[in-house]
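Okay, got some structures for you below.
Each of the next two complexes has chain A plus one other chain: chain B in the first, chain C in the second.
So, the complex of A and B:
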C-alpha cells in the first residue's frame, strides 16, 4: 500500500459490515476459485444425494419419483424393527467392530513393542514390508484367498485335514465358525500397517528413560509395563475413541468378498453395509435400504459427536473439530 | 535364536552401553520368533495363490491347493495369454483411469489443501467444514445410487466410477496437514514480490510439496487400481471391459465370467482349468501392486503418521 492510499483509507468513514464482506471476498477471490472445483465436487457427489434420504419415509416407486411417492411416516422403520432385521444388523455390525477394535489394537501394540526390540535392521525392514502388504491389496483378492483356503473340494485347509486322515469340512455352510474367520482375515490385513502408529509412538519415547531403567535393573517386563505402555496410552485412547465413533460403519469389502450372497451364513455375518447392498442390487428395494442407511448415518453421527466431545475434554489438540 | 544374543545392546542412542539382563534377551528372542511367525502368516496366502496358479488343474482336483505346486504347469497362464483380449482391455481401462484420476485428483486436492491452509484466507474454516461434514453424515448408498443413476445419468458409464474416486475429504485433510509444514514466509515472500495466489501455489508451494504429492497420489492411485465396488454397482455388464479388480471379482464368483474370460477357447466351463485360472487371474491383477509396493512403501507410512487424525 502506498502512502497516498493509506491516507485516503484513513479519511474514509469506517467500513460498514457489507463493505468489509465485499472487500474480504475481493481479497480472497483467487483462493475461493482455487477451492471451487473441490467444493462443487462435494456439492454434487456428497450433498446432492442427501435430500434423497426422504425415501426412508415414503413408499418409493420409480414412476412417482422421490418426492412424488406416497408418504408413509415411520412405517419403513417399524417394519425393520418388527422383523428383527434392524436389531440383527446393528448387533452384528457393533460386535464385529468391537472385536476388530479390541483385538486389532492389542495385536498392533504387541507387534510394535516386539518390532522395537529387534536389532537386525534388514530383517526388520523385510518383515515390515511383508506385514504391510496385505493392507494394500484389493479386497477382491481376499475373496480369492478365502476360496483357495476354505472351499470344500480343493481348499488348502481341507487338503491338510485329509492328509492327516480327517474328513473334509463344509466351511461355507458352518455359520458358527465365520466370526473367527472374518476376525482372522481382518487381523491379517490390518495388524502390520496399524502397528506403524504405535511403533512411531515408541520411537518417540525419550531414550534416557530406558537407560535409567536399565541402570536401575529393570526387567524387560517392567520396561514394558512402566515405560512403554504408559507412553502409548494417549495414542491408544485417541485411536480407540475415533474407532468407537465409527462403530456403526462396517467394512463392506471384507464381508462381501468373504460371504457374498451365501444366505446360510447371514445370521452371524450380515452387517448393515452388506444388507443394504443386497437390498439394492438383488431386490431393487430402495425404501428399506434408505431407511437402514439413514438410521446408520444418524446413529453414527451422534456417536462421532459424542466421542469427539470426550476427546476434546481430554485433550483439545486431538479433537477433530 | 542364537543370532539375537550377538546383536548390539539395546541402547537407542548407542552412547552408553547398558548391560542387558536375562529378561531382555528372553523378550528379544520371543520378539524375533513371533515377528517371524507373523511375517510368514502374512506371506502365506500370497504363496498359496502363486503356487496354485502354477499347478496343473488335475493335481488341484486330486490333492487340493497346497503351498507348493505338486505338478508344475503353466496351463492357466497359457489359457489367459492365448485369448488375452478381455484381460488386456481391463488392464487398459484400469491404467487409463488410474493415471488420469490420480493426476486430476492430485492437482485439485493440492490446490484445495493449499488454499484451506492459508491463514489469511477468511473463509477457510467454513469451507473446510463444508468438506469435512461429508465424513460425518452421508446420504447412504440407496439415495446416492439413485442420484448417480437417475439425476446424473451415469449408469453404465465409466464416469460413475472415475468421478466418485477422484477425491476424499480425508486426502484433502492429509494435504492440508502437509501444507501446514510449509513456512508462512514462503507465501509472504511471494506476495511481496507481487505474485498472485495461483502463482504462489504453482511456482513456490507445489515444488515444495513433492513428498506430499507422492503420498496423496499413491493413495489415489491405489484407490483406482483396487476399485471393484463402484464398478459392481454402476457398471455391471454394461461395459465390454471391466476395471481389473471387478474383472477378477467376476472371474472368481461367476462361472460364466470365467468362460467369457477365455472367450474363443471354444470349450465348456467343465473343460476349463477353473481353479488354476482363478488363481492366475488373481496373480495378473495383483502383480503390479505387489511389485511396485516395496519401492513406494515409505510414502504410505508417511501418510499414516502425518495424516493420522486432526482436521
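So, the complex of A and C:
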C-alpha cells in the first residue's frame, strides 16, 4: 500500500462492505472486461445448460418441455443399477483414467525433460514435431491401425511372430492384455501434445539456478533431480487436479474404436460410456443418458473437491482454490 | 493518459467482438442448404426446410437442382425448399437430437415407423397433428391418393394423423445372402442356386477349398445375419417393429399365434441351432477370425472377388449388386437367397417404411404441406428432386429408361437428395443399371410376402424404458459372440444369457408389451 492511499483511507470514514466491493470492481474493471469472453463462455456452455439436467428426473416430452414433463424421480437411473454392471463399469473407468493420468503425466514429464536436454536444435524440433503428430490422428483411424497391427489373419504383429516361427496369437480374444494395449495407444496419442505444458514450465525455470548448479559442479542427473523436478511439482499438481474431475468420464472414442462390440474383451475394457451407448443407442432416450452424465459429473465434482481439500491441507500453495 | 484510454477502449472493443463471435457461433443453425442465395429475403417467398437422412453431397449438383426446383416452387407455391441433412455418422442420436431441439429450423421431417422412431416422436409431440381439412386444402393430391389407398389409418395416433406414408412406392428391403452363381454351380448346386440356409455350409466350404484368396463370407462388425437369417427361415416368428433393445429387436409373435408376444432369444431351441451353425462356420474359417472388430467395406471385397458372399436386402441386390458384379466379376452370375425362403416367412415393406411429418415447431406448416404435395405429385418437381437435371444428372433412353450421361460416376456424381418420404411408383423410371429381372423378382416376392400385421400397433414404453436398456446391455454382451460362433459352448452361453435377460426384467417387459398388444387386438376386433 502506498503512502498516499494509506492517508486517504485514514481520512475517509471506514467504507461499508458494499462500497469496498464496488470500488474493487471499479479498480479492476479492465481485468473484468478481459475476463468477459471466458465468463460468457462458461455461462453459456457450462452454467446455462445446467438446469436442463432436470430432464434426468422426468419422463420427457416435447410438448411440455423439460420443466413441464412429468416428474419420475430416480427412475431414469434404474437401468444403471439394474444392469448389475455399475460397479464393474465404474471400476474400469476409474482405473483406466488413473492409469492415463499417472502414466500420462510421468511420460509427459520425462519427454519434456529429454527434449530440454537435447542440444541439437534441428533434431529437437523434428522429434518434437513427430511426437506431436499422433495427437491429430482421429481415434477412428487409431482403431483401424490397431486392427491392422493386431488382427489374427493379416495383422502385422502376428505376421512377425510367424516369421520367427511362433504361433499367431488371438489378440482380439485375450481380454487380459487389452488394458496394456489401450494404455499404450493412449500414451502414443497424447504424450507428445501433453509434454508441451511441462516443456514450457521447464523453460520458465529461473536460469540462475542452472548457472549456480553448473558452478557447483552438478551433473545433468542432479540438475534434473534437484532443480527441474521440484520446479515442475506445482504444474503437476494443478494438471492432476484438473484431470481428476474427469476421472468418471471415459475416453469413448478410443475405447469404442478399439473394442467396439467385441464382448470377449468387455470384462477388462467396458467403461461407463461404451456400455451406456450400447444399451440406449437406438432407444431415443435422452433422459437416461442425461442421468448417466449427471452421475458422472456429480462423482467427478465430489472427487475434485476431496482431492483439492487434501492438497490444501498438505500445502495450500498447490491447491486450486 | 490519452494513450491509456485508447488502449483500454481497444481492449474492450476486442473483448466484445470476441464474445459476440462466440455467441454468434452457437446461434447459427446447422448446415441447412439454401437453394438460392436470395431466397427468403424477398417478401412473399416462404422458405421451407426438409430434414433428410444421408451425407450431404458436395459436388454442387444438389444446389444446381434446387435452383431449378425452387424457380418452379416460387411460382407454384410461393415457397423455396432447402434440405437439412442428418448425416450417417451417429444418425440415430443426431436425428432425435434435431427433433428434440424443436426450434422451428425444419418444417418437413423424413420419418419411418420401423427405423426412424416415428411413433416415439409422435408420442413425444415432435410432429404436428395433421387435420383432414389441412391436408385437403394444402396437399389435395396427396390426400386423394392416400385416401384412395385407404392408408391414413396407418399414420394415426389417438385418432390423429401424424405423418404422410410413402404408401405408393414398391420396394423390398427383406434381407438375404448375395452369392456367386458361378461358384455355387461348381460347388455342386444345380443352376448355381442355393435354396436353404444350411446349404451355405457347402458353398462356403467350396470357396474355402477352391478360392484361397477369398473369404467365404467376409462379414464385418455389427452384422447379425447368421442368427436372424436362420431364425427367420426356421421359425414362423414375426419380429415386432418399434421395440428396440439396444441394437437388437428380439420381441416377436408367431404366425400360428399372432397375438402372443414371445422371443426366440428367450425360449426354444432355434437360437441354439443357429448359434451352433454359426460356430461351425466360424471353425471353418468362413469369416475373419477378428470379424467383430473388422470395419472394412465387405461389399467392395465381394465386388473384387475376395468374398464369396455379401449380405443385405433385395433393393440393394437389384439396384447395385447385379450391375456391379456383372461388370466387375464377369460371368459371376450374382444371385440372392432371401431369408425365410425355405418357409415363406417374409413380409412386405411397411407402408410407413418411409413417411413425411410436419414439425410441431414449423412456422409455416400449411406452406410445408403445399411444397410436399408438389414434390410428391408434380412430375417436373418430382423428377428434379429425385433424379436431378436431365442431361447432366440423368438421361432418358429411347425406351423410357433412366440412364446416366457419359462419364457419370455414381460414387462422386450422385445427386443425394434422399427424398424417402413420398416417392411414387408412377413417376419412377426403370434404370438401365437395374437388374433385368427386377419386376419378376418383385412379382415372385409379392406371391409369398405378407403384410406386416401390426402396422398400427404402437407400444407405450414409458414404464419399461429402463428394462429395455438393461436388456439391450445384456444382448450386446452375448449376441455378437453367438453370431460369430465365438463361444466354445453356445448352449451354456445361451443359458447364461437367458438368466441375465430374466434378471434384467424380460418378463415385465413382455407383459407390458402383451398388454398393449391385447388392447390393440381387441380394439381392432381381432381377438
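Note that in this section the second predicted complex is superposed on the first by the 206 of 321 C-alpha atoms of A that agree within 3 Å, B and C clash if a C-alpha of one lies under 4 Å from a C-alpha of the other, contacts with A are read in each partner's own complex, and residues count from 1 in each chain.
As a convention for this text, a contact is a pair of C-beta atoms (placed from the backbone, for glycine too) under 8 Å apart; a residue touches a chain by one contact, two chains touch by 3 or more.
Nothing here was measured: the structure is a model prediction, and the numbers come from that model.
Peer 1: Once the shared chain is lined up, is A:307 touching chain B (first), chain C (second), both, or neither of them?
Peer 2: In the superposition, A:307 touches no partner, neither chain B nor chain C.
Peer 1: Quick one: classify A:227 as touching chain B (first), chain C (second), both or neither.
Peer 2: A:227 contacts neither chain B nor chain C.
Peer 1: Quick one: chain B or chain C, who's touching more of chain A?
Peer 2: After superposing on chain A, more of chain A is contacted by B.
Peer 1: Output check: A:278 vs chain B and chain C. Expected answer is one of first, second, both, neither. What do you get?
Peer 2: So A:278 only meets chain C here.
Peer 1: Answer with first, second, both or neither: which of chain B and chain C does A:144 touch in the superposed model?
Peer 2: both
Peer 1: Identify the partner contact of A:260: answer first if only chain B is touched, second if only chain C is, both if each is, neither if none is.
Peer 2: Both partners, chain B and chain C.
Peer 1: Taking the superposition on A as described, I'd like to know which of chain B and chain C A:248 touches: first, second, both or neither.
Peer 2: Neither partner.
Peer 1: Just to be sure I read the superposition right, which of the two partners does A:30 touch: chain B = first, chain C = second, or both, or neither?
Peer 2: In the superposed model, A:30 contacts both chain B and chain C.
Peer 1: For A:117, decide between first (touching chain B), second (touching chain C), both and neither.
Peer 2: A:117 contacts chain B only, not chain C.
Peer 1: Have a look at where A:86 lands relative to chain B and chain C in the superposition and call it first, second, both or neither.
Peer 2: Neither: A:86 stays clear of chain B and chain C.
Peer 1: Find the residues of chain A that appear in the contact set with chain B and again in the contact set with chain C.
Peer 2: On chain A, the overlap between the chain B and chain C contacts is residues 30, 34, 37, 41, 44-45, 143-144, 147, 153, 260, 279-281, 286.
Peer 1: Using the touch definition from the top, list the residues of chain C that touch chain A in their complex.
Peer 2: 8, 11-12, 15-16, 18-19, 22-23, 26, 92-93, 96-97, 99-100, 102, 117, 120-121, 123-126, 221-222, 244, 246-247, 288-290, 292-295, 360, 462, 465-470, 472-474, 476-478, 480-481, 486, 503-505
Peer 1: Could you list, by residue number, the parts of chain A that touch chain B in their complex?
Peer 2: Touching chain B: residues 24, 27-28, 30-32, 34-35, 37-39, 41-42, 44-53, 55, 66, 110-111, 113-115, 117-120, 123, 126-127, 129-134, 136-141, 143-145, 147-149, 153-156, 158-159, 162, 188, 191-193, 196-197, 200, 207, 210-211, 214-215, 217, 219-221, 224, 238, 242, 252-253, 257, 260, 273, 276-277, 279-281, 286, 289-290, 292-294, 296-298, 301, 304-305, 318, 320-321 of chain A.
Peer 1: Given the complex with chain C, which residues does chain A contribute to the contact?
Peer 2: 30, 33-34, 36-37, 40-41, 44-45, 59-64, 75-76, 78-79, 82-85, 143-144, 147, 150-153, 170, 172-173, 259-264, 266, 275, 278-288
Peer 1: Which bits of chain B are touching chain A when the two form their complex?
Peer 2: For this pair, the touching residues of chain B are 3-4, 7-8, 10-13, 16, 18-21, 23-24, 26-28, 30-32, 34-36, 38-39, 41-43, 45-46, 48-49, 52, 60-61, 63-67, 108-109, 111-112, 114-116, 118, 120-123, 127, 129-132, 134, 136-148, 151-152, 163-164, 166-167, 169, 172, 196-198, 201, 222, 225-229, 232-233, 245-246, 248-249, 252-253, 275, 278-279, 282, 285-286, 289-290, 293-294, 297, 300-301, 304-305, 308-311.
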